[in-house]
Each structure stands twice: as structure tokens, then as C-alpha cells.
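Common to both upcoming complexes is subunit A, partnered first by subunit B, then by subunit C.
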Partner chain A sequence: MIGNEKLLEELTGLLEDNADQLKNQWVKEMTEMKLLEKLTPVEIEQQSSAIYDTCVLTIKNGNYDAAKKYAREMAKKGVLEAMTVDQIIMGMLKLRDVYGRFIFSKYQQEVTKLYKVLDIYEPIANRILNIVALAFVQERERVINEQQLAMLELSTPVLQIRDQILVVPLIGTIDSARAAQIVEQLLNSIVDTQASIVIIDITGVPVIDTAVANHLIKTIQASKMLGADTIITGISPANAQTLVSLGVDLSMMTTKGTLRSGMKLADEMLRIEIVEKV
Partner chain B sequence: MTEDSIEVKNEYDIISARGFGRGIASRLGFGVVDQCRITTAISELARNAVVHGKGGTVTIKTIQNEKKGIEIICKDDGPGIEDIELALKGGYSTVGGLGIGLSGTRRLMDEFHITSGPGKGTTVTIRKWLN
Partner chain C sequence: MDIPILKIEDFLIISFQNELSDHDLEELRENVLEHIKKTNAKGLVIDITALGIVDSFMARTLSSISDMAALLGTKTVIVGIQPAVALTLVELGLRIKWKLLTALNLEKGINLLRKSIESEKEIAHD
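So, the complex of A and B:
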């Protein structure tokens, strides 16, 4: 009986010796499946060789690092930009088939040996495909995370509209991460501008539940500590009724229906201060 | 009858769950204020499931018997609530919140049922009837 190591050596030897034939077969089948339409012949040659060699190398030494690295690059840089994820996965499945059929044809006379070789080959082939698929998923997730961060930054401008008045127009959903970011940005702006009044407009916040209310209350308290009073504007009638039913106590908040009336109030508040000083 | 379940694991799932609820409430013919109440109630329960229960499921059903309405079941397999009465009293929170999510949700809806206990997870069923 031949040991597994010997068999593996034999298998990789066969894959290496027949590299050109198998690679051409693979490329031919992918071309027939119209997977490579947008690649130039040079790209096809380079990529198919690189993938073929990486796979053989992985089968040979059982180390998946090279495959992982290659798959990550493929997903990230879009080396195969001209191919969709669907085409790339189909292409990889095809390579698996090409290897598989080759193994069958080589060992068809010795069924016991064939099974043993397949026992070695199948887990490796499956794992390689798993790595490729995972690389794409991870790359997508990375992009989504990046975009979320980008949206966080975009979505909270703090605008100085008078020497001492800041306006924060909130739009969309206020989750904990965004709330923390809003507070930080607002507090920095209060210190930078020496503002004494902050108007937070929540016309664009569709749902005000207790968590959002809690974030608002904490923002108001923190602003207060830096010497700025807060006016909340833009609570819709439906949200106002809902907040009352929820039992959120807004008595410590100064609220106005619209941003316009909030600004008017802020002006009045500032004028009173000026009068008092004189 | 429509029935659909949404898994809630994070903030984004909460948003899709309540968006879905608002859609159903609107199609059933609820007014703007009631839509807002239902959406907010879903938001409260879903957030409880995410924050306390480490995720759960929100099931939204339409009820169309002689009485029409919407039913929302929010279920999680978290640690459960030790003292339900205390949690429902309001002003009590284990995570620094306002502590009025559950009691507020009860006031927003027409019916409110809760089963929970240490190690048993929490299931909250709420209903709102269309007048």
C-alpha cells in the first residue's frame, strides 16, 4: 500500500507535469462558458497560470496562505476587474472539475487508489473554493464598513449661524455610534466657537424612541456643562404624541415646532442677555 | 393574513424591522400617529432584544378577524428579566437608558403581554387594533 504522502506527491507530480494541457483545457472550458469575454489574451494567460500554480502549490504543501493572499488580492484590487464575482466563482469551480476529471481519467483502472486520491484532493479543493468565496464576502464587508464610517462623517454638520448660535440638523437614524460622534463634534464646536445656544433640528429623524430621546437628553446635558443652552426643533406632531405616550419627560428641554421659530427664540434669548449686561 | 419574521442582531436590523412594521401598519390603514406609535414600539422591543437579549426575532402579523389590527412578537433567548414588575414600572434601567422602554411600549399599544424569567429569555407580544 502506498501512504498518503506518496499519493499526494504522485498527484501533484501529475498536475505539474500536465500543467499546460490542463490549463488549456480549463481556459477553453471557461471561454466556452463565456466567463472570460472581457479579458485580454495576455490577462487570461497570466491569471490562469497564477491561479493554476497557486492551486497546485496549495495541494502540494497543504499551506493555504498563498491561496488566501491571492484570493484577497483578487477580491481587493480587482485584478480580474473585467470578471464578475459570479464569473470568478464559476471559473474556480470549473478548475475543480478539470482537476477532478483528470484524476478520474488517470486512476480509472485502480478504483481503490482513485478513492484515496479523491480523499486527498476533495477537501483541499473545497477549502480553496471556500477561501475564494470568503475573500469576496470579506471584501464586500470591508467596503460596507468603510462606507458606513464615511456616512457617519458626512451626516452631522455643525453649522455656526450667528456668533453664538450653532445649528445641528439631524437626518436619518441616530444609533449609539452616531450619537457619540454627534456629541463629540458638537462639544468641540461649542468650545471652538464659544457658542451659547445650540439648536438641534430633528425634522429629518423619522423615529424618536427612548434611545434617541436618551441621546438627546445626554447631548443637552453635556452642552449645558459647556455653557450652551439647547433648543430642540422639528418634532413632528406624530412623534410628539408618541413621545408623550412613551412617557419621555421633555420638560427639561426647550422645544420649538420649527427651526425658524427655534432661531427666533435663540435671538430673543441672546438679546435678553445683552440687555442684562448693560 | 401577512406574517413575517425578521432577525434582529444589530442597529441596522432594528431599522429594517421597524420600517417593515411601518409598511404593514400603513397598508392596514392605520393613521400617521398610530403608525408612528407602532414603529416606535417595534423599535423599543427590537432594541431591548439586541441590547439585553444579544439578538432575537421580531414577528409582525396582521390580524383580520372581526377586529382588524397588527400583532408584533419580539422574542429573544437572552438572560431574561428578573423582576418584570420593576422593569414595567419605569425609570429602571440596567444599561444606563431611560428605563421607560417597556412601560412606554405598553402605553403606546392596546395590548401588551410579556413572559420572561432568568435563563428563559423574553417574549413580548403587543397588539394595536384598528378602530
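So, the complex of A and C:
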């Protein structure tokens, strides 16, 4: 009866002795599956070494730090070079295969020992596969989130067109996340520019339902608290019909048909102010 | 806690410097109304620039001060609501009345009061 530790030592020893064979076998099989086409020979060499080192280290140390580190790097690289999840997972599965078959061939004479070695090897191999796949998905999600944030910022410009007038052209659907972001940006702009009139143009908003109307009312309320009056422009005939049929009360909103007439109104409101100050 | 009520020309100015308890607020409401009666002020400015937190009780009290002052013939403007405060109040579902006057800062608030009192005079003359 050989202890697990002894077996582990033997296994790592075996893997280390046959490093080149294992690496080459993996590269060969990966090439057959056309998974390495985007890589140069040098990169392939680096990849196979990195994977081999990671596996051996993990089996040797019994912890997964090396695997996690490798997975993170791999994920970043993989996403950057537009590798698919499929390719990554296939690559890892191949690796598992290659090592598995290698172990089989080495121990095929001693079946009990083979089972024991497999007992050690299988969980580790599975875990590495799991870590790499997870890291890849997480990395992708992170990139998607980042892009979403960037899009959110881009999607709501607040423009100052006169000393005291801000224009917010809204384009696209408005969900609560976006609405919250719009209000925040608008309020900060009001403070920065000391604006007293805000024109929100919703020509580019395809559908206005109760939720969107509610967001608009909140925006107007918040602006009002900072002392800015709001004019809504560009409600389309279809949207006007929807809003009235839904029973949304917009009586306290100042609305104008077009951005142009909204700006005219804003000018008039300001001119009154200017005349009265004198 | 005593909150100073300042008088400039025809206007009274209250500036909140730190958080107030509900009791302080009620006391303030009485004081302000007394002051308005004594000084016959035409306008009242409430400056809350320094407040980072405004709860619903405070919001309601401010709104009621404005309503009560209106009964005494005084217009109220609330100035200096911070963006974060405005966001919170709106998220709390609080709706300010459309006739309540608000302004970004003290200067704008006083201008707004002047304008609004002027325009009322004009209507009265017409």
C-alpha cells in the first residue's frame, strides 16, 4: 500500500520527466483541432509551457493559486484576442485528455495504482478546468459591464446653449438605471452652470409609458428643487396619445412641440427676467 | 437651539448651519412666524446649503412654513438644496408644490423673490 503523498510525488515526477512529450502532444492535438491558428509558433510554445507549468505546480502544491493566476492572465488575453469560450474550454479539455491518457499508459500494468492516481488527478484537473472557464466568463462580464457604463455616460449629454439654459437631448429607451444617471448628471450640471432653465428633448425616445413619465416627473422635481424650471419638448403624437390614454397627469409640466419652440419659450422666460432686473 | 433670523431690507433670511432636531424645527417655525408679523417682511429666504441630509419631516416643515408665511402675505424661497439632497427627496417620493419658490443660491433666491413680488405688484396695479 503506497500513501497518497508518495503517489503524488511519483505522479509529479512522471509529469516532470515527460514534460516535452506532454507539451508536444497537447500542441499537436490542439493544432489538429485548429484551435491554435491565431497564435505564432513562439506563442504556442509559451502557451503550452504556461499550461504545463500551471498543471504540474497545482498537482504538486495541492493549492490552486497558480491555476487562478494563470486563469486570470489567460482570460485577459483570451478576451483581448477575441477567443471564444468554446476555444478556451476545448483547449482545457484537450489538456485534461492528454494528461489522462498519459497517466493511463504509464500505469496500465497496475490497475489499483492507476485508480489511485486517477483519484488524485481527476479532481485537480476538473478544478483547473472550472477555474479557467469561470475566470474567462468573469472577465467577459467585467468587460461588458465596463462598456455598459461607458455607453451610459455617452448617451446623455447635457449641453449648455445659453448662459442659463441647458438642453438634454434624450435618445433611446430610458430604464431606471439610465434615468438615475440622467438626473444625477443634470443636477450637477445645473450647479456647475448656474442654469435656471432646463429643456429636455425627448424626440429620440421611442416609447413613453408610465415608468418613463414618472422618471421625467422625478427629474423635473429634482431640478425644481435646485431652482431650475424644466421644459419638455418633442413629445410625438403617438406618445401624446399613449400618455393621455394611460391617464398620466402631466399638467404641471411645461411642454412644447419642438426643441425650437422650447428654446423660444426659454428665451422669453429669461428675457422677462432681464427686463425686470433693470 | 437658537437659529438666528436675519433681516435685510424687506426680507428675512434663515440659514441652517447644522442638523436640526424635530423639536428645533417646530420652535423655528413659531419664531419665524412671529418675526414675520413683527417686521412685516415681504419675503423669507430659507438657506439650506449647509445641509447634507434633509429628512421628510424637515421637508414637510419647510413646506408648511412657506404655506403659513403665505397666509401672512410673505413669499418664501428655499435656496441651496444640494443635488444629493434633491435626489434623495425625489426618491423618497416627496413632491414639492409647484408654487413653492426655489433657487440655486442665496443671490438667485433674493432676485427671484424681488421679481415675484414685483410681478404681483404689477398685476395689482393693472
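Note that in this section the second predicted complex is superposed on the first by the 260 of 278 C-alpha atoms of A that agree within 3 Å, B and C clash if a C-alpha of one lies under 4 Å from a C-alpha of the other, contacts with A are read in each partner's own complex, and residues count from 1 in each chain.
Here is the rule we go by: a residue touches a chain if its C-beta (ideal position, glycine included) is under 8 Å from a C-beta of that chain, and two chains touch if they have at least 3 such contacts.
Fair warning: this is a prediction, and the values are worked out from it, not measured in the lab.
K.L.:
Using the superposition on subunit A, decide if subunit B and subunit C clash or fit.
P.N.:
The answer is fit.
K.L.:
Per the contact definition in the header, classify A:K28: touching subunit B only (first), subunit C only (second), both, or neither.
P.N.:
neither
K.L.:
Tell me the contact category for A:A213 with respect to subunit B and subunit C: first, second, both or neither.
P.N.:
Only subunit B is touched by A:A213; subunit C is not.
K.L.:
Quick check for you: in the superposed arrangement, does A:K69 touch first (subunit B), second (subunit C), both or neither?
P.N.:
Once the two structures are laid over each other on A, A:K69 reaches no partner at all.
K.L.:
Which partner chains sit in contact with A:R142 here, subunit B, subunit C, both or neither? Use first/second/both/neither.
P.N.:
A:R142: touches no partner chain.
K.L.:
Which of the two partners, first being subunit B and second being subunit C, lies in contact with A:R271: first, second, both, or neither?
P.N.:
neither
K.L.:
Touching A:S196 in the superposition: subunit B (first), subunit C (second), both, neither?
P.N.:
After superposition on chain A, A:S196 lies in contact with subunit C alone.
K.L.:
With both complexes placed on chain A, how many Å separate the closest C-alpha atoms of subunit B and subunit C?
P.N.:
Scanning every C-alpha pair, the shortest subunit B to subunit C distance is 5 Å.
K.L.:
After overlaying the two complexes on chain A, where does the subunit B footprint on subunit A coincide with the subunit C footprint?
P.N.:
none
K.L.:
In the complex formed with subunit B, which residues of subunit A make contact?
P.N.:
Against subunit B, the touching part of subunit A is residues 173, 175-177, 206-211, 213-214, 217, 236-239, 241-242, 245-248.
K.L.:
Using the touch rule from the top, collect the residues of subunit C that touch subunit A in their complex.
P.N.:
Residues 78-79, 81, 83, 85-87, 89-91, 95-96, 98, 102-105, 108-109, 111-112, 115, 118-119.
K.L.:
Which residues of subunit A touch subunit C in the complex?
P.N.:
Spelled out, the residues of subunit A in touch with subunit C are 183-184, 187-188, 190-191, 194, 196, 218, 221-228, 252, 273, 276-277.
K.L.:
Using the touch definition from the top, list the residues of subunit B that touch subunit A in their complex.
P.N.:
For this pair, the touching residues of subunit B are 11, 15, 18, 32-33, 35-37, 39-40, 43-44, 47, 90, 97-98, 100-101, 103-105, 107-108.
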